[in-house]
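Below: one structure in structure tokens.
Read from first to last, the chains carry the letters A, B, C and D; within each, the first residue is number 1.
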């Protein structure tokens, strides 16, 4: 689906991504984990076209998509959700969903004066789809609620719902779990699996909650300090010493010595 | 009261107030107010498109109004052939050079790419173009302004029916807005505000000083009218008959001579009112058209997209919407509507007087209308236009009357009292400010707030 | 036919009609822009009411000047207005603190968006304009007294033996001196005193300032007081130099904002630089260079046109164009102003 | 009974509770670190102690006195002192001014304290006339800590002081923090970098999902395999 080919992204001196390469298989739910500052979100933004990589190529089904603008990628079916939900607070859930489909007839202002009928028909279709989505996500009871009044978790569901309004190929989920209570997180998890099974979406998700990752993701890719550190099933990576060390933080020689001494001293 | 009824009620109150003026002061005063209320309502609609729909803070309204105004004279006045002969050709040449020059500069800027001195070179090119254009423009304008300065001294217009100028005003304003938007719309909110403030001032000073085009502060009077002149009406028998039928009761039982005099009197005041009614009719039509178009656009996927952009640009962009494009579109549309209103205003006045445009009246007052009426809500801004204009006009006599009462204790000759009486009219500025502040504090949505959520 | 070396004459001509006026105007703009920039730095909005604050301050000062004059109090060679200035400042402080209490504070508490504050300031602007015109009327007001000139062009010619004269109006000298004193005082306050430093801290990083125990309300109060001092002085100096006319102060808003933004909003030093940049470009672009060139060029090349780059009516255009250019080239201004 | 103790802290930023019934305590002259996976609520726990979030349960006691009701400013006055993770210096002000601002609430003579800070961070003495904005990341952190020390706090709280600094700088910072502790200050810090932090800590709190998962001395926690695994967010 997506092939990351030795991509690097530098901000001034800092190497947010440092020659990382990996594959996201079609139809997979790939987990992307790693300690803070590992460059996960930067990787997402680079794939979604917010940044251009300093070096390296990104292939979407064999086509190099480096340099495409976000809305172009959007039309190619590459969607991303945000760590902090970006819903339209003053619009109802239904409207939030209905505004998603690109190039609606009614988005050209002169059509709103000249082609009322076509717009009506299209609107009917879009609304129907939106209602399907709300049912799929079990939030139909909120359809006419202002998105601003939703709970954190419901907003995340809405984010997910947006991706369902267009035939997404690849969906990048940035910490869907953040600030969501367990029960709702389960719902989100279910939704993701169903989308993956029933509609063949490919997912790539940044997540910190390991058992969530464990339940959903295969494979799991571990990034640390901008590089791909390990790759494999959730079990494999969690039992990988290197990964644990990376999570525990940077080692630095002389401090270790002190530590050893203190341990001998039996503090 | 239920939000559904609210508009009806407030508009009913508004109508009642106008009627009261009609009975207490006079019908022609009431009609004058009504006509300006209608124009203000259209302006408010234009500003509402920009601020209410898309959150663009444009304080250059005055400029676009004035552009609408100049369109009237450019379209409807008869061309001044003498001026065209002496300066027309060269002026055209200047215009052409200007356009070509600008294009050339842009091409140069692009072609130069990332090489050194890009900005310097571009600036130099601009300066060069400026002098080139000036070499044609200078003599041409002098020649034109020399042609019978007392009467003309300008190129005149196209001599087309004045109604067309309303469309032209819209187009002119739209064109200007497009240019300005291209430059300034990427700026941060309050930078944008200040930029538009400046543009308005520049447009005004252009209109004041480019005499060859607008006669500047010498003003252009006697603009053609879309409605008959009072005098013609008083001559025309059908109108006299009309008046007669209207006042049969009053005229009955009068001797022939008195009857004729009375009839003349009646048809005189009748003609005034008739003319104002014609204007009111025309304005009403325009307002209805624009209002319908606005509501159609707002309650549609387009409106939804615009509200989404206003609500959260990043997300809208991530949903594949072209944010910059839409903002520009909105800016152009809003300005066009303001331009139309500006043209109507000038037509109503029958003269173009660039000296009289001032930002308090033509920019900030409109803002008060939108905020008080209810930004984001078309009906709201129309109401705002009516209400605020009404207050703006009526605050003056009321203020003077108030002062008169307050200072009645002093002896009428006293210098203090005299000053208080002339300055009373400025109380309305304070009233406006206070109204704005109070509304923003106690009903931030305005009188008719925007309906958010599902439609 | 002309006495003295040509280029000297040219020089004097330039300093008389370009340099002196530009410096004077520049100082007035700088003071105005300082007020705007302070409010922006601390309260984080562009204050559209600033022009009318200047008008208000100047008005009060003028009213008291008249009163003093009627009492026969005078300031020797200096205009009586300078005596009345402190009173004017006092009144302006009161009205600004009042507006803050009645208008802005509430919105600060509920943390409204900057744009809301801008619109509020429009409301305040209406009230203040109304107030000023209501009290003193829209017409020109004459209140200047004391010596008009430090030295007249004629005396200068005699003294220097040139055909061009250099005149120094007392209002010009006063403007320059007062500005220098005030700016010096302001910078001393901001750089050296604890209150001033706390203001800079607050404008730099609000949360950290709170964590250091700086009280926002005090900071805001001090800001308004400083704004009042700057605005009133700027207003008065402008009125002394040109004339007092309420509407003019609204038109001044544009060059003032331009100065503040060109320098970088929230940066006092930038405001001053911006003020002079705007002033000099306005004067230079609208000055008629004909006579100047006649002095410098040989007879053969003497220009027959006015050699004026822009007609005087287009002053606004100048400040505006500079503004846009700067915003396009260095969006945060020359001194890296803050972004809200 | 520790010097500063927050018991059963439960709360968040308006939304769902981010920390649930978690207890953090630190004594004078010791270093306590809060570690754990991303999003475990480490910083939130610290902000709870400072009174910077809406609490539903729990109490904060300083030296036996209940300060739960106090505002952050008041707590600063009471002897707490906080170094935020980022934006923790006044970039447009000189190092010296930064320190002065740190001592804003003090009315007595601060020159003595300032000298102490300069002894602690000699580099700051050299740079004291420089804009804090122009300093390197490590030096900034030193300014930030110095600023916080200016109130002569009894408790110093640091939110990820080593975020984004190189290992060497990190070591130096930790050494400095040890010195601060030796002055008898209670030091409480949140660290991403558990390995390093736990090595210098007298006491460690491992938070997971906003709850206390493990508590103990730094070295024992480091030794514990389960703890190590829990950092992957288990």
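Descriptive notes on the structure:
In this section, contacts are C-beta pairs under 8 Å (C-beta built on N, C-alpha and C of every residue); 3 or more make two chains touch, one makes a residue touch a chain.
Bear in mind that the values here come from a model prediction, so they are computed numbers and not experimental data.
Using CA-based centroids throughout, the chain positioned farthest away from chain A is C. Mean C-alpha position of chain A lies 32 Å from that of chain D.
The geometric centre of chain B is 60 Å away from that of chain D, both derived from CA atoms. Chain C and chain D have Cα centroids lying 47 Å from one another. Chain contacts here close into one cycle, and each chain has exactly two touching partners. Contacts between chains, counted with the stated touch criterion, involve the pairs A-B, A-D, B-C, C-D. Only residues 293, 296-297, 300-305, 307-308, 311-312, 314-322, 329, 333, 452-455 of chain B touch chain A when the two sit together in their complex.
Here chain D touches chain C in the complex through residues 72-73, 76-77, 82, 84, 87-93, 97, 100-102, 104-105, 147, 151, going by the rule given at the top. Of all residues in chain B, those touching chain C in their complex are 55, 57, 119, 138, 183-184, 187-191, 193-195, 197-199, 201-202, 205, 208-209, 358-360, 364, 367-368, 371, 419, 422-424, 426-434, 436-437, 440-441. Considering their complex, residues 45-46, 103, 106, 114-116, 118-120, 122-131, 133-135, 137-138, 247, 250-251, 253-254, 257-258, 261, 305, 311, 313-314, 316-317, 319-320, 323-324, 327-329, 331, 339-340 of chain C touch chain B. Those residues of chain A whose C-beta lies close enough to touch chain B in the complex are 48, 70-71, 74-75, 80, 82, 86-92, 94-95, 98-100, 102, 104-109, 111-113, 116, 119, 122-123, 143-144, 146, 162.
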